[in-house]
Structures are given as structure tokens and as C-alpha cells.
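First chain A sits with chain B, and in the next complex the same chain sits with chain C.
Showing the complex of A and B:
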């Protein structure tokens, strides 16, 4: 019998939770707090000390390169997010709603997930022989006679970073949308059709609103990952595209901890605003 | 009816979409069979060969192209992924077990745990290395600081998987065991654990693969000794050769092997559960 007294149950809960909670406070919350703290430290050429100062913050906002990285990050995030929605939604519509057989739908979803079994960095690298001057896309386009000379902007440009990120992250958009579409009661659609609604009307009035939570969850996934990116931009842009993540990596590389921390705080704030904004659109707790 | 037109169009679209997902990897697979050592990481294929696969295992005569420094890195990554898997699964099962009872502050604890998978790796990595390097003044290693950061990332996944499993769990079998005088620990081992084992397996799979492939956190939080993703990243900055493509194909095959082991274990545990249910029916 669960004759345990309430206090014994409480202590049991505490015992079960304590290791995980302590781990997260020490190794997640404390490190994030450290970023904020160190961003106010004094940086000299070779060392850093804990005298508090605003110098690094002034440096950040005084430098065109750093503020430029902030705008590049926001621009690239908006582009990649829109592309993942535009490219992912129709695919999710087919997989989640139009395919009648559950098996086919599952197979298609599994097909989408399989590439994730390859190392993330290899997947990024795989775009190089695809997009390069002598890459697969240029060769195919030339063979088809669509272009005379290879397109050079495909690789080592902002475009290649956008293509690479969209391909890597679009599945995180397809999954949640397909999940929400799959939960729509088919009878509602039937009823609307019986009442004479065309597909367009059914889509705008029923399907889209009901799938919106999926779009929001997908957007949160994609945003968090794109905003924190640095590997894709580093590997596919030939260091031409600098995101906030790239600045952090180079600053840490040259032991400029204070500046790296400033960029880290700005990235955290940006993420907080974006995620809070998405959560305002849809009340996730109620929907799921 | 518009959907009569729409459905085939979208079917073709999904085909193209899957091609988009797989395209780069197909090209990478083809180019891994480039002739060596002269053939570069691009078309045309000079002649088909398995040179780069042999190169990977050190079976080719020495050439100007250095072998990938993956041997020790692979072992480190496997050990790290194993440590991370065990730790985060244990933490995940414990925390999810606690969440079966309502308690005050459960909302905050839930978000605290889930935060670990939401915060980008570049931030966790930076914070961890700041804490180790500038405040505590300790060295960073893949088995110490990077391990801590990995668990922060994988523990939430294990927790959520176990939460989903335990939500559907019928608590009456445990109560039956308790009422027969079996101690809670023994009940957990003999009754609860076998029933939630498929979930534990999934949590382990998540934790292992996420840690094995984890890059940003490791980049900041580990020291001089590289893990596998760091070794791959190191080749980015120098000229790339088809050996890295061959390596990509090999790691993918390894992943599928791992996935098969998971599938087999899963099938076995499902079959055992069915068998037990049948025996109960007979009894």
C-alpha cells in the first residue's frame, strides 16, 4: 500500500529530483549567469580581470563589424525561417493530411529523419561538392544547356549558407506541422465540404488555423538552432558571413573572453525575445 | 475537386523535397569513390576506386595527403557518448519518476530541465568554459567539462521520453506489488523497470547519438584532445579531400548499425512483453 506519509513522499520526490536539478543549476544556469557577469570584466590584451567595466559593451556597439554581425544574424534567421515554412509546409500538408494511409505517412516521415543519422558536420560539408564551381548543380545545369558558364555565387556566399541551413533545419518544421495536421478531425473537413466549401476555403478556415501551433513549435526549433549557428556559416561562406556565433568562436579563440560574453548576452536576449514572441502567438500549454 | 489536382502535385513536390534532403549526401557518396590520390573532392570522377576507404584505414602507401586524425578521436567520442548516455538516462528516469506525483514548483523544475535542450550549444559551451577557465581555473577536458555540458543537453531528451512513457504507465501493478509487501526499490527493479524498458532504450539512443555528434558544446568545453566532430571540423579549414567523404559514408553506416541494434533490442522486449501477457491470459 502507498501508506507513505505526505512528508515521506515529499522527501522521496526531492531525492529523485535533486541530482538533475542540481546538475542543471550548476552546469546550465550558473554558466549562463557567468556569461552576463564576465561581459562586464576588464579585458587587456593578454588577460582578463574581474574589475567591472562597460568597455566591452561600448566596443561592441561602437564596432561596425560586430553590430553588422547582429544584423546579419537577424537577416539570415528571417530568411531561413521563412524558407523552412514555405518549403516545409506543403510537404507537411501532404504527409500529415493528404496521405490516407498511416504506413505511407510514417515511411515518409522516417525518410525525412534518416539524414540526421549522418554527422551534422558531414551534412554541412556535403554541400561543397554540390554547390561549387565544378559542383553537381553547375554541371547538371550546364549539361541541360540552361547556363553557359558556371554560377559562382552558389558556394562561399550568403546564398550557400541559406541553402545549407534550410536543408538541414527544414525537417524540424515539417515534423511539428505534420503532427498537428495529423490530429485534425477528418469529419470537420468532410462537414465543411458537404456544406459546399471549396478546398481554398477549407484550407484558410480550418486547416491553417489548426496547424498553426505546429508552425509555432517548428519556428521555435528552427529559430533557436539558426540563431546559435556558426558551423554552417563558417564552412559554407568561406568566412564571408559572420553570425553572432562566429564572433563568439573567434573571440574565444583569441582569448577575448569579455567580448565573447557580450556577444553571448546579446544572443541570449535575441533568443529570449524571439521565443517569447512565438509563445505569445499560440498558447502551447493549451494546444498540446 | 481541387484536391484531385492538388494531391498529385504535392506528391511530386514531396518527391523533390526528399531529393533536396538527400541530394548532397548522394553526391558525397558518389565522390567518395573518386580515384586517389590525385582525384579531388569534385566532379568529374577520374575513375572509380575504393582508394579513399583504404586511405581511411591506413592501407594505402603514404602520400602527400595525411590520414584523417580520427582513430583516437573516435574512441574518445564513443567513451564520452557512453558516459553521457548512462548519466542522462539515470537522471532522466529519476526526474520523470518524480513527476508522476504532483508537487509544488513542478512547472519551474520542468522548464529548468527543458531549458537544457533549448539553449544553443554555443552559449552553454561558452558559459561552461568561462566557469572552468576564468573562475575555477581548472583545465577543460572532453571527459570533464565537455561531459558536464553534454549531459545538460541530453538529460532533457531522456527526461521527456521517460515522461511520455510514464504518463501512459498503469500504476496499479506497482501498488499490487507494494501491497504484497515488496519493497519500493525491489518493485522498481522487478516491476516498473521491465515495463518502462522500451522507453529507457529510446532515451539511451537519444542521449548516445546526440552526444556522439555534439559539436558546439564540445568545441568550447573540451580541451586539447579532440573528439570526432572536432577532428572533422579541423579538416574544414584546410583543403578537403575525398577521404572525408568516405569517412562520412562510414559514420552513416555505423549509425545504421547502431539503429539496427536498437531495433532488435526493441523488437525483443516487445516480444517478451507479449509472451508474458499471453502467459497471464493462460493463467
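Showing the complex of A and C:
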């Protein structure tokens, strides 16, 4: 081959990359830049103009309600993430490792996905008749005589938001973990047993490290979705829990584009930090 | 061989997978400090037997004794029996050093860090992998993985190591080298190897003792010489891949086969009447020769295979059965044969082994 090869290769690479790059610039990079830009615009009650100002940013960090929403978002995210891991990991362990038949484990995974056959909003709203003052849980507990008066904290509280989000997102944790667990060679676990390791040792030294990439991928899925959430908190908190997502919705609703952009930028940065942090735990490139 | 305490003993061990009987009432006593090859065709239950001894499967009935102790109900991690997997089953996320150290770090006994380093280093040195401690399992070759798997078991100083087709995943060249090395390593340590294989050459070459497993039963146990020279059943002879076997009919002291009726001196109990003569005891004569050493089997010459130290001649009988003749080249140059020509095969009847349904004799 002649000296033309490298340059031809380069031009081929450029041609293959171009559509994707153009798409990403138009629909990802440009909008994000626009949001960043708009966050510095001047907002008046009924209009917005492109005079640059830090007012919206000062407004955000000066307001207890906004900063509180940031902390609520982080707190709820950490709680929901922990719960999805705590509930999802054992389920994945069962589906991916303890069930010996591949058919059964596929059936179980499909069962996990069945709730997704109904729309997101219905899944969220279905929690109301479950958790309400006269909802299924309270009625059953009262009939059993375990409680005298209904538990009110179940619905329209932070707890109901946590319950709802955990139920909706736990499957995104189960899937990737079960997949990684399913790839573990059974002989490896038997070899560890043969070398004298008991169940606990095998879990901590073999099973957990080998399934960690699944936990990281699941955590990224759950984090991205929970951090941007507004519907579950809107429907199940009775407006008591305000997440960054809810603020964006209300600000956009009242045409406060600059403030909505500030929150959007903060949310994007937060997501970037979280995802980058997870990727530092495991080298995902090695797993693909 | 000296009389010694058996290292392990199986009493009527039976194991079923659903309707399939993998192990059918196995009784077996293994001597201490020996190399035992367990030979069986695929599906004979040999891997199942290893898994039962290791404790990965529980036998339906029967007891397993190890070093004078009944271990039938003991979980695998408390048995102290080494296991080398066919695919090596190294821990992919740990270095070679940590793979070998795993049993020392995670076993029931607390072992000091200094002792772990010492023992792991010497185990790695023993299998010839010094300098590779920090590599990960995907950075080493198949033969090296095999050595790591072996070191990982041996570092715990077990009295019994089970090897499940340990050479099956290696290429032919490496297989031969590892055969020698496995034997050498075992001789240096006071340990019994139970080596499962489907290859008769491997079993005969490696075992001090060879056990032949067929349909979930041990059908013969003895030295490689004993098994090679006098297979107990026609199935063993078939599996050894060293015998021409002829179906026929045994009537008293006369065997009627494709080579006519021939007198037999002794008969072994079997499920059918079979006449066996080793490949290298079968000799080739021209079709018209009359002073044969024994029975005359008319055949047609098909082809030959040159194996370096010997030549294998393939013939076909009148009923289209392939017969092999093994001519060792140290016995002189082989004769020239013409493909398609008719010849007569014959042998010394005293060297034949006859299996018969009639067990009277």
C-alpha cells in the first residue's frame, strides 16, 4: 500500500463519525450550551432578554427553597439508590446465580419487566390506592388488628416517594447485576468451595467483585433516572417533596426560563459527577 | 507395592440424575500416595464420581471415607480434597499470586501473612511459574493456567487431589509434557492423584493404578499392565482401543467366528461371546499360505498409517468389519502390501482373550 493509506483511513474515519457527531452537536451539545447561556439571561416577571447577568444563579443559591431542593434530591437519590441495591442485589443473586436453569432465570427476568407493560404514570398512581389512608395496606393492617388508626405517613410524604421510586427503578438494578452474575463460571465458585471458603467468603471475595460491574451499570441507570425525576414526587408527595426536576417543571410552567436553565445546569453537573464517580469504581471497558 | 492405609474408600456409592443412573453402587479402595487414573468413556459417570468425592454432589446412597473418616455429609469446603477443573476455573479478577493464596487466606485456619507469602511462592516455584505472580489469568497461556490451578490446590497440602480431565484443554505437545510433569510433581509430594480421563493412552501412561469405569460401575481396577494384558470385559477391551474384537458363538471349548471354529483354553465371563486379539499380536500372511500359527481370517487390505515407531495396517473382513494390525518397526521392515489385494490374518491362539456368556469355565 502507498503512503496514501493513512490519509484515506483518516478520511474514512471522519466520514463514518460525521453523522453521529453532527447529530450529537445539534441535539445534545448545542441544547446544553443553550441552557448554559440562557441561565445567564435577565429574567423579568413577564419577559426574558439576553442581557447577561448572574441574578438567576444568585437567586438559586440565595433561596433556602432551591438549595433545599438540591439537598432533597441528593438525599432521596442516595436513599433510593441504596434501597434498589439492597432489594435488587438479593433478587439478582437468586435470578442470576442460584436458579440453575437458564430458562427459569429468563422467565423470572421477564416477570420483573411485566410492570413496564403499563404506562409510567399508571404505575406511579397505582400506589395511591395502595398507600392511602383508606388504601389497601391500611385496610389490611386494620383488619388484622395490627393498628387502630390508619398510618397517614404512608401517602403524600417523602416515604411514599421513596417507596414509589424504589419499586419503579429496582428492576434497572436487578437486570445488569443478574446479567453479570449469570456470566460467572460455576466452576469458579466450586473451586473456591474446594479451596475451603465458606458461603460468606465466596460471596465477598468472588461473587461480589465479579458482579460489581453490574452494580455500577445498574447504579448509573437508577441514578440518572432518579436525579431527573419529577413525576413520582409530583404524584405521590402531595407537593411536599420538591426535587430539582419539580422546580424545572414549575419554572418552565411559569415561563421562568432563566431559573429553569440554572437548575438544569446544576442537575447536569450533578449527573456528570455521579456517573464519572461510578465509572471510576470499575473499568467497564474491560467487561465489554 | 507396600500395604498402606487407604486414602479414600467408597462404599456402594450411587448417584442418579432423574432417571439416569450416573453411579451405580461403586465400591472402591484407593491406596495412599499413588497415581490413580480413572478411565471411562464419556457418559460413564467419571466426572460425577469426582464431584461426589469432592462434595459438590451428594450421593443418593453409599458412604465416602477419607483418611479413615466418613465424609459423606461433610460440605465441600471442609473436606480438604483438592480439585483441578478441566477449564482450570481460575479466579479471573485475582492475580496469579492471589489465586494460589486464595485457599490459605479464606480457609478455616488463620495463617500469618509471612507464611502465606512463603508457601505461595514455593508452590508457584514448584510449578515453574516464578516471576509471573502479578499477572492476571487472562495474560497467561493454557499450560500456565493448568499449573496455576495445580499450585492453587497443592499449596493447601491436600492428601488427595482430584483432576478432572486436566489435560483435555491442552494441545497434544503440551499434554505430553504435562503428563511427565504431573507425575514428577506428585512423586515429590506425599499425595494421591485421582486423574479422570477419557483417553486410554493417557490413563495407561500416567496411572500407577487404572480404574475403568463403565455405565456407572468400576469394571476393572489394576495396574496399567494388568488391564492392557487382560481386560476383564469385552467393553474394557473395546475401550482400550488395542484389540480386534470379533463377535461369534462360544460352544464349550470352541469359538465360532469369522475365522472359522477355533479351540479356546480359557473363557472370561461377559455379557456376550467375544473373541479378542491385540493389534500388535495379529500377523499378516499371503492369502495362499497354509502353515498358519492359528485361525485364518481372510481379509482385504485397505490402507496403512505411519506412526513413527510403528505402522498400522487396516484391513476389511468379508462382513465389512475393519481390522487393525500394528507392526512395530523395531521388529523389522514391514512387508509391502497392495491395496485391494486379499490376505490372511492369523495369530497365536494362546494370545487371544475369549469372553463368553457361559461362565462355567
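In this text, the second predicted complex is superposed on the first by the 266 of 288 C-alpha atoms of A that agree within 3 Å, B and C clash if a C-alpha of one lies under 4 Å from a C-alpha of the other, contacts with A are read in each partner's own complex, and residues count from 1 in each chain.
Just so it is clear, contacts are C-beta pairs under 8 Å (C-beta built on N, C-alpha and C of every residue); 3 or more make two chains touch, one makes a residue touch a chain.
Keep in mind the model is a prediction, meaning the values are calculated, not measured.
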Fit or clash between chain C and chain B when superposed on chain A: fit
First, second, both or neither for A:25, with chain B first and chain C second: first
Contacts of A:198 with chain B and chain C, given as first, second, both or neither: both
Which superposed partner A:185 touches (first chain B, second chain C, both, neither): second
Superposition-derived comparison: chain B or chain C, residues of chain A touched: B
Contacts of A:120 with chain B and chain C, given as first, second, both or neither: first
Partner chain(s) touched by A:150 [first = chain B, second = chain C, both, neither]: neither
Touched partner set for A:209, first chain B, second chain C, both or neither: second
Closest approach of chain C to chain B (Cα atoms, Å): 6
Touching both chain B and chain C, residues of chain A: 198
Contacting residues of chain A [partner chain C, same complex]: 185, 187-188, 190-198, 201, 205-206, 209-210
Footprint of chain A on chain C - complex, ascending: 54-56, 75-83, 85, 87, 89-93, 102-103, 106-108, 149, 152-153, 156
Chain A-facing residues of chain B, complex: 1-3, 6-7, 10-11, 13-14, 17-18, 20-25, 27-28, 31, 41-43, 91-92, 94-95, 97-98, 101, 103, 109, 112-113, 115-116, 118-124, 126-131, 133-135, 148-149, 151-152, 155, 159, 175, 178-179, 209, 213, 215-216, 219-220, 228-229, 232-233, 236, 240, 244-245, 247-248, 251-252, 255-256, 259
Contact footprint of chain B on chain A as seen in their complex: 1-2, 9-10, 12-13, 16-17, 19-21, 23-25, 27-35, 38, 41, 48, 87, 90-91, 93-95, 98, 108, 111-112, 115, 117-123, 125-130, 132, 134-136, 139, 167, 170-171, 198-200, 224-225, 227-228, 230-231, 234-235, 245, 248-249, 252, 257, 260-261, 264, 267-268, 271, 275
